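As structure tokens, here come the structures.
Paired with chain B in one complex and with chain C in the other, chain A is shared by the two complexes that follow.
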Partner chain A sequence: MTLLASLHAALVQPFVEFGFMRRALVACLALGLSCGPVGTLLVLRRMSLAGDAMAHALLPGAAVAFLLVGLSLPAMSLGAFIAALAVAALAGGVARFTAQREDASLAGFYLIALAGGVMLISLRGNSVDLMRVLFGSILAVDDAALLLVAGVASASLLLLALVWRPLLVECFDPGFLRAVGGRGALHHQLFLVLLVANLVAGFQALGTLMAVGLLMLPAIAARCWAHSVAQLSVIACAIAAACGYGGLLLSYHAGLPSGPSIVLLAGAVYLVSLVVGTRDSLRARFFTAHRHRVA
Partner chain B sequence: MTRRPNRRQALAAAWALPTWAAAQTPTARLQVVASFSLLADMVAVVGGDAVQVHALVGPDADAHAFTPAPADAQRLAQAGLIVVNGLGFEGWIDRLVRASGSKAPVLVASQGIAVRALGQQVDPHAWQSLVAAQRYVENIRAALVAARPAQAAAINTRAAAYTRELAALDASVRSRLAAIPADQRKLVTSHDAFGYLADAWGLDMRAAQGWTTAGEASAADVARLIRQLKAQRVRALFVENISDPRLVQRIAREAGATLGGTLYSDALSPPGSQADTYLKLMAHNANTLLAALQPGR
Partner chain C sequence: MITLDNVTLCHRDRPAVHHLSGQFAPGSLTAIVGPNGAGKSTLLGGLMGRIAPSTGQISLPPRLAGHIAYLPQQADIDRSFPVSVLDVVMLGHWTGPGRLGAWRAAGAVQRAQAQQALAAVGLAGLERRAIGELSAGQFQRVLFARLLLQDAPVILLDEPFNAIDERTTADLLALLHRWHGEGRTVVAVLHDLAQVRAHFPRTLLLAREPIAWGPTAEVLQPGHLQRASLQATHWEAQAPWCEVPAPAVPRVAA
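For the complex of A and B:
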């Protein structure tokens, strides 16, 4: 009984006693739900670093909205959304109409956006309000931010259900998709919109850097366990949710900052998966090699 | 015949010009660079028309997160006096002064105050006490007199008048606070910058976050604070001008405390607004505190 009681006190009690813990947990779970599949697709499409680039591209939009309207969640989300989409569209356009590769043009435009954002903030002379906002706090999630995160997660899942198959086919065999009349470019654009929406939702809760962490790390870790694409996204969701829960508890019991706790936990899961996972891991590689030699 | 002397005269004049200007500088305004806006205001009040003051960290900006521009180094290089708070508040200033090659004397305005410890470190926010501020004014006065002995009388007069104003505000706040029982003077702020203020005026003030604006709060900190607010029935929660208000709003709502208003900590508000001088800033902070602590609110 005492063990049960102490387990309850350690694992459940914080969420029962404090509303801010419940809100933070719900935000993490919602984010994890949509970040799982979106991150999986990013990994499969070899766009693992594109998430990071897009997260930086949010900055000038959020900065302009902040300078015009002040500390307003809808305005800053909209500004960030527009700026990141503009960067994605420009990079895509340049890749399409010139010989530049998309990753190169994306790097070009996101760096311009990033520097532009920092410039705007500096011209205003007051960097701190904005830095606080850019490194949002999961503990300060309010109703509006929670609605945004939950709304984006729901919309992402619905939209992904519609375009999941063409997106996957495009990852593995774009020629086949074209042959059967699928519109790969359209789906790619739609996916970028989804990615940006998830990053905007994540940056309100976790800040730009942490949002990418919850997007990518669970998806990469899942690769060491999953045997199919469906498994990949489910495992990624589960890892993201578990890291959200565990990170908050870590922050609560050990007194560590919550955003980094969550992302570092996800990082630890990735490292452990890399060593002991069932596929594409160190263990899988050396264990199977040994068995082959014996057989 | 007439051309050569003319050219020489022109050259001589060109040579003489800077020398003449240098000879004139003692009567020109003393260029003072202060590290942040509050100090700049004090120097401007004491120095009057004898000085021209520039603040490296301007109104509504955070000295903890300051990134110097080349123009700042240039201003330091041309300064006749550099005024800093000291006590580790401007961690960047020594390197900046060295990098600028400035030969100007550096006045540590806080020297001689009763220093307050904060954990392992020293609490730099001494200007939040009007008593310590009078020491600042004295230090600034002495440095300005040393740099401009010719204007000593005017500087001394202004410093004395300013000190009287500071002391008068301090006395008025103390008498108004006396009406509030000591066990009801409980407040919480989002930034641990008010230790000197709390000590000077006998307030029980606690912080929601670590003591610099650089750290991110942990869930444990927030939970502890909410528990504490609930247990001790803290009346008011304050958000100051340079940190994320959302966390404090969240905590206030969850603990059932009221948000007391804005307290200014490390920076003046922009010119023309409610706390654009040091004296107005302290009066504003005092009025906001007193209003939040009034019984029956």
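For the complex of A and C:
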């Protein structure tokens, strides 16, 4: 009975007791729902680095808004959204119109964005503000933030339902998509907007530096277990939601910032999956019996 | 009738296909041959409307718009992608008679048709296999099954028999003849001249410049083949600008 009671105290009580924990939990679960499929597409489209660069671009956008209107969620979200889309457009343009490799230009923009954002915030504001934007804070998830996250998650799922097939086909057979008039470029732009919207939704709880963590890590961990794209998305959703819940508890009990707690937990799931997963894992590679069938 | 009138297709300012004129008659079976870099795949891109001509025009009957099926080179497809054989074949319903398009869900009828198409290419029972687990020949059969479902009046094939064994090639050639017999227009980029002589009534010999276009026996003459092999297909750094508006195009009478 005491065990049950202490489990309840550790796992449930914080959410019963505090409204901000409940809001943060709902935000993380909603984020997990859209991060599963969006992260799966991000990984399958080989855009992990692009996602990371865009997440870093959130910072200067949010910082400019912070300088202009102070700590306002709608303004900072809008600023972050515009800045991340601008970096996506710039990196895409550089890759298309110059001989620069896309990974090099992405890394360049990511450094400029990070340095610019930190500089802007340090001009006005204190280190608490900076830490909050960089690493997230569960206290920041107020009703407005919750509405933003839930809205982005709902819109993402609805939009993905419409463009899921062309987005997937473009990953593995772009020639076919072009031949059937599938408008791959338009779908790519839509996906970039979706990606940035999810990053913006995530940055309140996770911080700008780690907003991409809940997209990327569950998706690459799921790759060690799933055999189809549908399985990948569902498993990634489950991992993202579970890490959101676990990360919030870790953050609450140990007094850690929420962003690193959630992302580190997702990182641990990824490392464990790499070792014991059913496919593309160390176990599958080295510890399966060396037997073969006759045909 | 697909008509090409003085068509030049470029990559930036360099022509890959230079001043080509001619026609693909309805129901014709044509091979496009020529050295590497001759512009064969680029021409298919032009026929699909993917590459706009720099000069001239490609005219298609309006009823063909959006009804051209295309078989890409295998190298253009990511075989590590976690997708099943049946899912790839079902894509044939995108534009086919079922017309699922980008977001409609497939029904039992479409699923049954996809299974029939797989059976027709000799892959019954492999529906759930991941495409990464197939041999090159099996995967080519999957792509042909997808073409079967597309049921298109015009079918463009880019090197359909590269690195494919004899038995698979023979089976897939039989499908090509079936499409030809059904009155579809089939255009295939190929390298094996013996295969072209044996199976394709018409041939376009391309070496960036059109060398000859017409009945296969007349096109694949030693003189034409020698001209094609001597024709440089690499780009010269200081090549002068092309000032020729519409050159006389060598063409063998049909």
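Following the convention adopted for this analysis, the second predicted complex is superposed on the first by the 257 of 295 C-alpha atoms of A that agree within 3 Å, B and C clash if a C-alpha of one lies under 4 Å from a C-alpha of the other, contacts with A are read in each partner's own complex, and residues count from 1 in each chain.
To be clear about the criterion, contacts are C-beta pairs under 8 Å (C-beta built on N, C-alpha and C of every residue); 3 or more make two chains touch, one makes a residue touch a chain.
Predicted model, so just to flag it, every value in this text is computed and none were measured.
K.L.:
Check the residue A:178 against both partner chains and state whether it touches chain B (first), chain C (second), both, or neither.
P.N.:
second
K.L.:
Quick check for you: in the superposed arrangement, does A:253 touch first (chain B), second (chain C), both or neither?
P.N.:
In the superposed model, A:253 contacts chain B only, not chain C.
K.L.:
Looking at chain A, does chain B or chain C touch a larger number of its residues?
P.N.:
B
K.L.:
Just chain B (first), just chain C (second), both, or neither: which does A:162 touch?
P.N.:
Touch partner of A:162: chain C, not chain B.
K.L.:
Which partner chains sit in contact with A:21 here, chain B, chain C, both or neither? Use first/second/both/neither.
P.N.:
After superposing on A, A:21 lies in contact with chain B but is clear of chain C.
K.L.:
May I ask you to decide whether A:104 touches chain B, chain C, both, or neither, giving the answer as first, second, both or neither?
P.N.:
Once the two structures are laid over each other on A, A:104 reaches no partner at all.
K.L.:
Using the touch definition up top, name the residues of chain B that touch chain A in the complex.
P.N.:
Spelled out, the residues of chain B in touch with chain A are 58, 60-62, 65, 67, 213, 215-223, 226, 242-247, 249-251, 254.
K.L.:
How about chain A: which of its residues touch chain C in the complex?
P.N.:
44, 161-166, 168-169, 171-176, 178-182, 226-229, 232
K.L.:
Touching chain B in the complex: which residues of chain A?
P.N.:
Answer in residue numbers: 14, 17-21, 24, 71, 122, 125-129, 131-133, 135, 137, 139-142, 248, 251-261.
K.L.:
Quick check on the complex: what are the chain C residues that touch chain A?
P.N.:
48, 50, 66, 68-70, 72, 76-79, 81-84, 88, 91, 94-95, 102-103, 130, 146
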